[in-house]
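Written below as structure tokens is the structure these notes are about.
Chains here go by letter, A, B, C and D, matching the order in which they are written, and residues are numbered from 1 within each.
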Amino acid sequence: MRKKTLKNGLKMLALSVFTGVSVLASPSLAADSIKVAVVSFLTGPAAGPFGVPGRNGAELVIDAINEGAMPAPYGSAGFGGLKLEAIFADESGGNAKQVAEYRNLVEKQGVDAVLGYISSGSCLSIAPVAEELKTLTVMSVCGTPRLFEDSDWKYTFRTQAHAVGDSVAAALYIRDQLDDVKSYNGINQNYAWGQDSWKFFDIAMQKLIPGTTASDNPQFPQIFSGQYGTEISTLLLEDSDLIHSSFWDGDIEAFVLQASVRGFFQKKRFISVAGASAVDNLGKRFPEGTVIGTRGEFGILVRDREGELNEWFINAYRERYGVYPLESSYQYAQSVLALKAAMDKASADNGAAPDTDQIISAMTGLDFTSLAGDVSFALGKGHQAIHAVGYGITAWDDEKDKPTVTNVKIYPAHCILPPAGQLSEDWLAAGMPGSDC
Amino acid sequence: MQTTFTILLDGLSYASYLFIVSVGLTIIFGVMKILNVAHGGFYAWGAYSAAYAIGLAADLGFPDWFGFVLIGLSSMGVGLVLGLLIERLILRRLYDHEEVIIILATFGLFLVLEDLILLVFGVNPYFAYQPMVFLGSVELGGILRDVYSLTLLGLAALVAFACWYALDRTKWGKILTTVIYDREISLAIGINVNAVFVWTFVAGATLGALGGAYISPTLSVAPGIGIDIIVLSFAVVVIGGMGSIPGALIGALMVGILRAVAVHKFPEFELFVIFVVMAAVLMVRPEGLFAPVKARRI
Amino acid sequence: MTGTPVLRVRNLHKSFAGIVAASNINVDVADGEVVGIIGANGAGKTVFVNMITGYLKPTSGSIEFSGREITGIRPRDATRIGVCRSFQISQVFMTMTVLENLLIAVSLAGKERKSLLAPLRSRERIRECEQVMERYKLTEHRDNVTRTLSQGVRKLLDIAMAVVSNPKLLLLDEPTSGVSSDEKFRLMDLVMNALKEQGTAVLFVEHDMEIVQRYVDRILAFYQGEIVCDAPPDVALKDPKVIEYVLGESHGPANDSESALGAGHA
Amino acid sequence: MIRSALSDATIRWTIAGFLVLALVGTLFPNWILNNTMFGLAYGLAVLGLLLLWRTGLVSFGHALYFGMGAYAVALLERYTGATDIVMRLGAAMTVAGGTGFVLGFVLRHYRGIFFAMLSMAFSMVLYGVLVKTEALGSTDGFSVSQTTILGWQPQSKYPLFLAIVGLCVIATTGVQLYLHSALGHLTTSVRDNEIRVEYLGYSVATAIHVKYVISAALAGVAGGVMAMALGQVDPDSMVNWTVSGELVFITIMAGPGSVVAPFIGAITFEFLRTFAFELAPHAWQLIVGGTLLGIIFFMPEGLWSLTRLISRKREKVR
């Protein structure tokens, strides 16, 4: 009797496995609109400097495209004719939570594509899941080159050039603009972005400015730790001339405040790869004379640059949110533009309402115009974008009573990034062949 | 030499900060036998309310030194309001539960306090740098230091002295010592143990809040700041001996200096070393290095 | 006395931080003998019991059990070789039923550890427990949680748990303390008869002279950590030293705080 | 063995329950399947904590084993490329159980608050190492690729779900059999009266050690399951002290009443978290913390006491 029930149970079980496998639906997009999740830090130390401006940048451009209110070449309404319905989600809580959230976004809320992600940790952990769930995912800000150099992804793209570009451009800028750097150290966060940034900066410095020495005690505090007294002491005790940092979230603001009270910026040259948000947020408290980057032609570096798209973006953003767009506003907008360009192309090639595969093939290797420069998906088998990266020196504009940057220098993509098919470390080790800046 | 001096100073200032936070935890444990996870919540509330008040005062044009007044006021306010509410409404009903259940209840409280912060203060970080900027910097051991962090040493000494004085030189202290030694005897000789518990908890909460409030000018006050400090102050309290004030002092000094040495010399051991010491102390001397005298009843 | 004694104690000495709790104790106990231990509070009775059952380690001296040296043995090893004990304050599993208490005791008494992995409620074990309950008149309480039972019943259970492994030597620490006066003879009759059947040697600490007189073959009288008298009851109870040092004070109520072991675990 | 297991009503009901879950699982959309798997993973760890709790011990450091299991899966893949479920779970269990065995020699002498604190210290040591070591992924952790089942790469989540349900059946049955053995009943005995256990001739330390190793191994397996279901490991959501707190929280929420309670509790918790997070992203900890307090105040026996309430009502109706 018992045996029989068990047998029947097993039969049903086998049956249910079968149906379970066959039930899996193939991904397809809805008819007249596309649902996209935009993920950025909405809470925590990274929300103010990066998450919220990024979210706003995306929102502004999405709304404008839906209404057909963008200047050329994005004047047509919609994404390949489709309206984009955005869901804004929070990136905080750690990688494991992000993976769980991503699954919820795709499987529970049914989004067709996901756009965003600021932390390199998020990107590295999301990409495999995007592959598993076969969902188009456009990464906006994160910088670790491992994303496309360790693996090939079909469903993941990144519209932001990776950390090698930022690091090489930084070294080039130091070579070109600062003449007294003999030794350097760094303070970077203890995760993929911080570790990679320091590693590549160090190699680039050794290749570009031979004779300089790196400290043997670079600092790697934990992300969001917010308190740097001991690290500042360590850096101050050393005799390195220049301190490199890839801090980007609230950490850069905390560090700058704590360090400036201790005369840090009078004693050291400071190069901040991604801390431009603090220039705006801290105003006069941000030390003048700091080398500042925005990881592209973004934010404060292009605030006064002419160009229809750029001026439209700055004005519309100020009108809607009351402040200047920051680096991440540009980065998120750039991802939206990539999606628009790819979907327009896909629908032109295949007729209305392209499916995920058609969008992917349109986006692969695509060249498109961003707000203040051109971008092309040249690396990572056509999934990793490259673009120019610039740096400048902070100053206070007394006339306009606002922060500004001087000596802005933009380095084109081929000078700062490896050519397609070459790994960053090999390219750096070989002395950056092809870089002629 | 210069490095040693700097490490020592960094360690001392970090230790002072840890001591101020931990002493509240250890007092609560000593008297009430409650290991209060919600202490991290008091810390965070102290930091937030001080940072908020300082920011507001700066916007309203108050002078920078006024921040110190606000730090004191906000930690007392947080300690009094949260301490009273939590002791009266929640802990009071749990005293006859197992100690681990009480720990868990305080964990629940901690989660609640964390989110109340988000609801009240929002999700963006606060910077209350005015008091730190106001005090400026001074050169010590060849490098500039912010005076504000150095005043932590003074505050810690003050707190230590106040605790010693209150426990050793006042009638209140005698009562407290009796309750710590034996709760039942205290009841028998007519001590109002309930009142002792309430005010102990409020005092402990205030000290936790003071730790957060005083440190807030030197960091970005952001969601989640209470999480790490709990385990750190647990480490301090366990190393020194749960319930012992001199223990908290020694524990804070050990953790502070170890961390400073680690950050300067072996950054990868920063967190690891603290908990290894905590585990080692528990293994060798479970009652801590400076365990208070206990009435043994076995 | 013939053959090897069950218990042989020689020159036993114990001091706590300089304070002498037992000194120069020499005792032999024969197979099946019943020995009463009397003495005022703090005279060293429980310390003596605790040393024999391994809870306390003697400072010097030796304890032999059936010819085997067991000085400083761990309690569980003492139990395994056949030295068991009951407690002044009954030590039972308060949230479990009487049957469960006995089942645990029976399963741990098994010589083969394999049986520990078999289900606790095996038919054979339950049968064995039922016999024990029968013998100690516990059957009516079979499925009651011990927390709800009277002191007397708990005492019985406590002793029953100590006996299920058929020890050769049993130490009873104040078996009637906390038991109401109309219950105590019933209890002792039950216990002593059952033990006699098993041929167990018994050492028991007792304040109640009526009980002592009725059951023991021999009395050990303690005073300030030493044995002042070792004789049959009729002799011992007339000994002037016993009258002066022991009986003079022993008629007051038993004071629990004397036990270094019992309190705090109730 | 199997017959004696099936003679136990709890085991029969448990197996039936999991069978139903497996069947209903075919109808689940992926997100429910995922959340249920997370719940089952937590449930396995909580099952281990339940064993300790019945002995009167609460570990505030079981994230140590949970994290070890998860990282074992991730590192195994990273350094050997192995993705098979058997190897993954084997590694998770071995590493966690082995560590539990070693640390057990120390922890078995501790009780109450000291046990809780020392467990926490051990788990924070692992946290400190992971966070600061680049080779171990520091704060980023690692991705975990999809699990293969004896060389077969399933195209959907369901086979993994089924395997996990099967694992839960084995674990629950095993724990139930253990609890019903003499050794298992010692859990309550040790909590009630250690002295008596010693004087019955058994070592309390050994009894606790056995339970500790079982609970560590279960937590390790749980971490492994979590890593497979989620596809990611990281220190903050798997090794930090808050995770240990969460596990203890679910233990209390579930109640000590039954070996099924941990799974009911954990799945409830997982869905509570998902919905709370969606409806009130800034107040979900408040909801969770409030629930915890509510349970301590009003439902000291946990969710499981609800089942007793229901069965009592049914008796009354009869």
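Please note the rule applied: a contact is a pair of C-beta atoms (placed from the backbone, for glycine too) under 8 Å apart; a residue touches a chain by one contact, two chains touch by 3 or more.
Note that the structure is predicted; figures quoted are calculated from it, not measured.
Colleague: By the touch criterion stated at the start, how many steps lie between chain A and chain C on the shortest route?
Modeller: The distance in steps between these two chains is 2.
Colleague: Which one chain sits nearest the middle, judging by mean Cα positions?
Modeller: Taking the mean of C-alpha atoms per chain, the most central one is D.
Colleague: Comparing A-D against C-D, which pair counts more contacting C-beta pairs?
Modeller: Ranking C-D and A-D by C-beta contacts puts A-D first.
Colleague: Which chain is most remote from chain B in terms of Cα centres?
Modeller: C
Colleague: What is the distance in Å between the mean C-alpha positions of chain C and chain D?
Modeller: Their C-alpha centroids are separated by 43 Å.
Colleague: As a quick test, compute the distance in whole Å between the mean CA positions of chain A and chain D.
Modeller: Result: the chain centres lie 37 Å from each other.
Colleague: How many angstrom lie between the CA centroids of chain B and chain C, rounded to a whole number?
Modeller: Centre separation, chain B to chain C: 51 Å.
Colleague: Between chain A and chain B, what's the gap in Å when you average each chain's C-alpha atoms?
Modeller: Chain centres of chain A and chain B, defined by C-alpha means, are spaced 38 Å apart.
Colleague: When you check chain B against every other chain, which residues touch at least two of them?
Modeller: Chain B, residues with two or more chain partners: 118, 123, 267.
Colleague: Please list all residues of chain C that touch 2 or more other chains.
Modeller: Counting only residues that touch two or more other chains, chain C contributes 265.
Colleague: If a residue has to touch 2 or more other chains to count, which residues of chain D qualify?
Modeller: 131-132, 282
Colleague: Under the touch definition given earlier, write down the residues of chain D that touch chain C in their complex.
Modeller: Checking each residue of chain D against chain C gives 4, 177, 180-186, 188-189, 191-193, 195-203.
Colleague: Taking the complex as given, what residues does chain B use to touch chain D?
Modeller: Those in contact with chain D are residues 35, 37, 90, 93-94, 97-101, 103-105, 107-112, 114-116, 118-119, 123, 227, 230-231, 234-235, 238, 242, 267-276, 278-279, 282-283, 286.
Colleague: Name, in rising order, each residue of chain B that touches chain A in their complex.
Modeller: So the residues of chain B touching chain A come out as 2-3, 6-7, 9-10, 13-14, 118, 123-125, 127, 129, 132-133, 136-137, 142-146, 148-149, 215, 218-225, 228, 259-260, 263-265, 267.
Colleague: For chain A, which residues count as touching chain B in their complex?
Modeller: 42-45, 47-48, 52, 217, 219-220, 224-227, 229-231, 233-234, 236-237, 250-251, 253-254, 257-258, 261-264, 267, 285
Colleague: Could you list, by residue number, the parts of chain C that touch chain D in their complex?
Modeller: Checking each residue of chain C against chain D gives 53, 74-77, 79-80, 84-85, 87, 91-96, 100, 103-105, 107-109, 115-121, 161-162, 165, 261, 265.
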